[in-house]
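Down below are the structures I want you to see.
Two complexes are shown next, each including subunit A; its partner changes from subunit B in the first to subunit C in the second.
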Partner chain A sequence: MSESAGVVVIGGGVNGLGTAYHLGKMGYSDVVVLDKSYLGYGASGRNGGGIRQQWTSEENIKLARESRKMFEALNEELEEDLEFYQGGYLVLAFDDEEAEEFKENVKRQNRLGVESEFLSPEEAKEIVPELDISQVVAATFNQSDGTIYPFKVIHGYANRVREMGIDVREHTEVTDIVTEGKEIKKVKTDKGDIKTDTVVNAAGGWSSGVAEMAGAEIPNVPVRHEIMVTEPFERFLEPMVISFKHGIYFSQSEHGNIVGGIGNPDEEPGINQKGSLWFMKEFSDTLLDFVPRFSSVNMIRQWAGLYDTTPDAQPILGSVPEVERFYQVNGFSGHGFMVSPMVTKVTAELVLEEEPSIDIERLRVERFEEMDIEEEGAVVG
Partner chain B sequence: MTERRIFEHPIIDFDRGEEFYFDFEGRKVKAYEGETIASALYADGLTKFTESKKLERPRGFFCAIGKCSSCNMSVNGRPHVRTCVTQVEEGMKVKRHGAKPDFPEKDIGRGKDRTEKDVEFAIIGGGPAGLMAAITAAELGGDVHLFDEGADLGGQLVKQTHQFFGSHEEDAGVRGIKIGDDLVEEAKKRGVNIHPETKVIGYYEDRKIAVERNGRFEVYQTEGIVYAGGAIENYLAFENNDLPGVYGAGGVQTLMNEEGVVPGEKVLMVGSGNVGLIVSYQLLQAGVEVVEVIEALPEIGGYQVHASKIRRAGVPINTSHTIVKALGDEKVEGAVVHEVDEQWNKIEGTEREIDCDIICLAVGLRPDTGFLRQAGCEMEYIPELGGQVPLRTEEMRTTERSIYVAGDSAGIEEATVAALEGKLAGVAAYEEITGKENEKTESLKKEAKDGIEKMRKGPYGQVPRQGVKTCTVDEEVCG
Partner chain C sequence: MTTMVCRCEDLTEDDIVEAIEDGYDEMEKLKRHLRLGMGPCQGKSCTLLAERILCRETGKDIQEVAEPTARPPSQPVPFSLLASPKRGEQDE
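And then the complex of A and B:
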């Protein structure tokens, strides 16, 4: 049996479903969303739910700013309480060099309409009284940053998208993308073929493999990142606390659990979603340096997901040179959730050949050959 | 409130320690040395232990074995303590805190120190399967460490007051509690390093296991593992099924036969398999009224001999009956049941209320296999064995090198098979890790295999026999 669809979206995470949602909202519902596992099996269902606008590159600041505004409106649009809690992001600096950079970042963020502030260690402690600030040199804080519950966003999107008549299929794995010349002809799956001329690659850690199926090349490399959750408590931690130097982040969810992770600079690239003992030890030891009282708290689960990393830690959006109507919305390098509202809106606009809401020229895959790349410096975890 | 402790029992002699008092929310509560906090509180009449996170519904003492988190409280300032697996101490300060306690005010000072040790064999689970695996590997000369989260080993055996019959030559006619005690003695004699109150909480790559002991994290690097973590009770969906007073049969057994505390006064037993029938009889032994046993199938599931015993005691067993609702707001005050036809449809006009304060669910078990999944073992859903089970060789090795499985974790069967599987896994693991195969190991394996074969030929062995065929794979498949 052969069927057809106007657009096939590969990946049932926040960016695949978000793209389908914006297509539907723009009146286009001849869309099939495929996921090889369950919705949110990839990074969308494994991340810490952070929504941050304190970035260093202009592209990311703008994407994050617009996305934050869209998240604020999303509860109503999806008719779901997404648990978006705007307790801010507290970013800690541990040496003078970092502090200087933070000052510059705040200026740039303020110029672009993000109301971040530069704080002294004592001011940081007022926001999180349990914090050990003995090593902290400075901090930045932005109140409208916060955390959201990823599963609610994913399922909110999925429910709305299905109501719009869009087909969302789980446990359907794409095995090939058939092209003739530069044109896409069909998507092959383990449950049958779908004729189409348009494919959106929102496959997260699996994106470079999907691109390869279509004969396109993107430089994305999956890297495992780990995360954990503790027992729940009444809220005592308002913001998400992060440190680039330690690679750590932690916040308290609306359910009361502390959610946090730490990056391993020696992590081998590859698809690996198992929890490690290294993480267990490193995260808990580092966390105790930040908030010693956490030694009274038990971790209840740890897990891992994939950062879909690019050489400049910025996403890849738009079409590719090798194949026509093959749109990328991947390479988010660990911050795909927080910019998803805007990048998926733009992706839907590109698919429907409309003017994109923001300029994405600097985020196309061609940048790696044509332009000087500006690396995003504010990646955590 | 009437005393819920059992002081006279036809089979069990509850050897209580010294009597003392502890503080529960500013009130003095009596306890005996050796009791858990939860059982002392339950004996004192407490039904609501905590609240659910979202709807703040009451949560009672449920699983009694540290798995369900329905009994978490603050103990001496430390939140989220599982009171059902924590021994009560004189002067302890215990307080309920609902689902979300305040962030602890004091640092309990666990610091960053961690224990990491190398061991040869880790046996996880101290029931019949784990004990037999440990005894066998130690008897052959292995350095064996046995981990169990409970204070007393023996698994479910130590809650069984009935006599086992027919099967294991040596143990026919012996009560479960006795078999458990004997196995523990044997393990000690063979030099097994027993780690009680030590919960295995995770598997990490390269055969490392993480354990929690006294609230601290420890890591063991092992060469071989036998996982014998047992089973988890199945639950049943009906209105108000989360009320305190709806308990699993295992929880009731633990409370009654290990802790010496009765669950309530009038019990509705749901399920007439062997567990439902045996626990009904144990309730009667403990002086508790069993108002009725209901069974959704048209026939009684368990052995006739067990059914006859409780019928003789005047307990009606009603087949083709199901429960649809628990009555009460803060705790169970009754139940609504009705009859069903062979297609499980309700028969109109048969709905009736039952007067009870306890609803005991004995609706089957499923293998506890989370650890094995985490270790990367390939799993398969096999209904005849109760759910997801690991693929394994005839000698109980999973698809992961040096990781073995035995007992209910390999598929729900009865205790004798579990013990024999443990024996087989213990020898096979020993052979693989030490590279020593000899006449002794061969004869031990043969004994175990012949015993298992004999058990599965019996009338109740047919179903698991079929299931085991499906999940048994060749050495080559296991790699």
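And then the complex of A and C:
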């Protein structure tokens, strides 16, 4: 005899647990969350903790704006100090073309209720006095952006979800999703089968593999991104500093460590979570160009995680054409943590067939076939 | 008397026992919950001690307790050492 559940959520990261949390809050707890490893083994436990609303696509701006508001209330909701520090995000432009785009971005963000500002290099230096602005042309800044400690969010969600009577299982790997026609019948795992008609795919870098098990196709491709942390010290840096041109981001956590990463444009797609010497050298070179004062600071650890990338760098939400009640909450392309409160709320609403809090038509997988897609232009790392 | 286990993150034996009781019953979970082994020593002074406490509290054998993944660098390294020498310095 096999067991059954109303909803099976695949992925014990911030979006899987967040979806379970919102289902529970809406009074529905017949849910099993599965993770093949420990909670936060994927990108949820490997990211830089950035909470940014300065995006270029209207969808990302709205998702990030609403999510930031929800993060502000989450400490109390989860009864956990999530170390959310709103020191802002300082985005640097290094040529006139970037500066022009930034002006447009600020206009669009302001129109959508994000209070970002366009700054001169000197104004940027007022925010980060140790910044080398010799190559900086302009900047944007948004004070309500910031950083959070990802594990506190994961563990906070897991604890509350379990209190709601939701079953969270670690070290349980999904091996197949059995369908008949367009209906889901059961989820097979290495620890037994679970009968269900509803599956949420929150598997991050493993999402396209999970979709394939159900006979559905999503265009997500996992790509490694590396990151590092320094020894902790007294607060020296208020905002997260980022550059799209140089692919770098760095901030100082509430705990005191500098946390930062840099993208490798030649990275081969695939599941690879190992660190590299290339990263340590490239990050150090670029960081010291930005803030020479960091030269004597010690890097203590570096690691890697997966961006679950899509062709337009925007998430995939909602159901799919091939299978009924198979909901996607993936494809976040490196910004899945910062939009998680809102996308998981919407996913829970879709699962319970309620009116979604925001319109997700432009985020469904069908967009790649049916409409002109607008590529998000503000991806970093 | 209070027994220190992790000097970098100021964690005592009691902190670790309490976390295990709260369900953080694997080394990878203790690490992320308490920042155990995430300080400048990178677990060199605390990991073995914490593993023994975990075994004692859960009844697991030391062989069953997986060590957290070791990450580079093996010891703290300043950015100046990792970065390439500046052009000007190379000429000298």
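Note that in this section the second predicted complex is superposed on the first by the 380 of 381 C-alpha atoms of A that agree within 3 Å, B and C clash if a C-alpha of one lies under 4 Å from a C-alpha of the other, contacts with A are read in each partner's own complex, and residues count from 1 in each chain.
As a working rule, a residue touches a chain if its C-beta (ideal position, glycine included) is under 8 Å from a C-beta of that chain, and two chains touch if they have at least 3 such contacts.
These numbers were taken from a predicted model, which means no experiment stands behind them.
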Which superposed partner A:G256 touches (first subunit B, second subunit C, both, neither): first
Touched partner set for A:K25, first subunit B, second subunit C, both or neither: neither
Partner chain(s) touched by A:N298 [first = subunit B, second = subunit C, both, neither]: both
Subunit B versus subunit C as contact partner of A:K125, first or second or both or neither: neither
Contacts of A:R169 with subunit B and subunit C, given as first, second, both or neither: neither
Partner chain in contact with A:G45 - subunit B first, subunit C second, else both or neither: second
Touched partner set for A:K195, first subunit B, second subunit C, both or neither: neither
In the superposition, subunit B vs subunit C on subunit A residues touched: C
Which superposed partner A:E234 touches (first subunit B, second subunit C, both, neither): first
Subunit B/subunit C common contact set on subunit A: 231-232, 255, 275, 277, 280-281, 284-285, 288, 295-298, 302
Residues of subunit C that touch subunit A when the two form their complex: 26, 28-29, 32-33, 35, 38-40, 42, 69, 71-73, 76-80, 82-84
Subunit A residues within the subunit B interface of the complex: 130, 231-234, 236, 255-256, 274-277, 280-281, 284-285, 288, 292-293, 295-298, 302
Complex interface listing, subunit B residues touching subunit A: 53, 78-80, 99-104, 106-112, 114, 202, 204-205, 208, 210, 215, 217, 219, 374, 376
Contacting residues of subunit A [partner subunit C, same complex]: 38-41, 45, 151, 154-155, 229, 231-232, 255, 275, 277, 280-281, 283-285, 287-288, 294-303
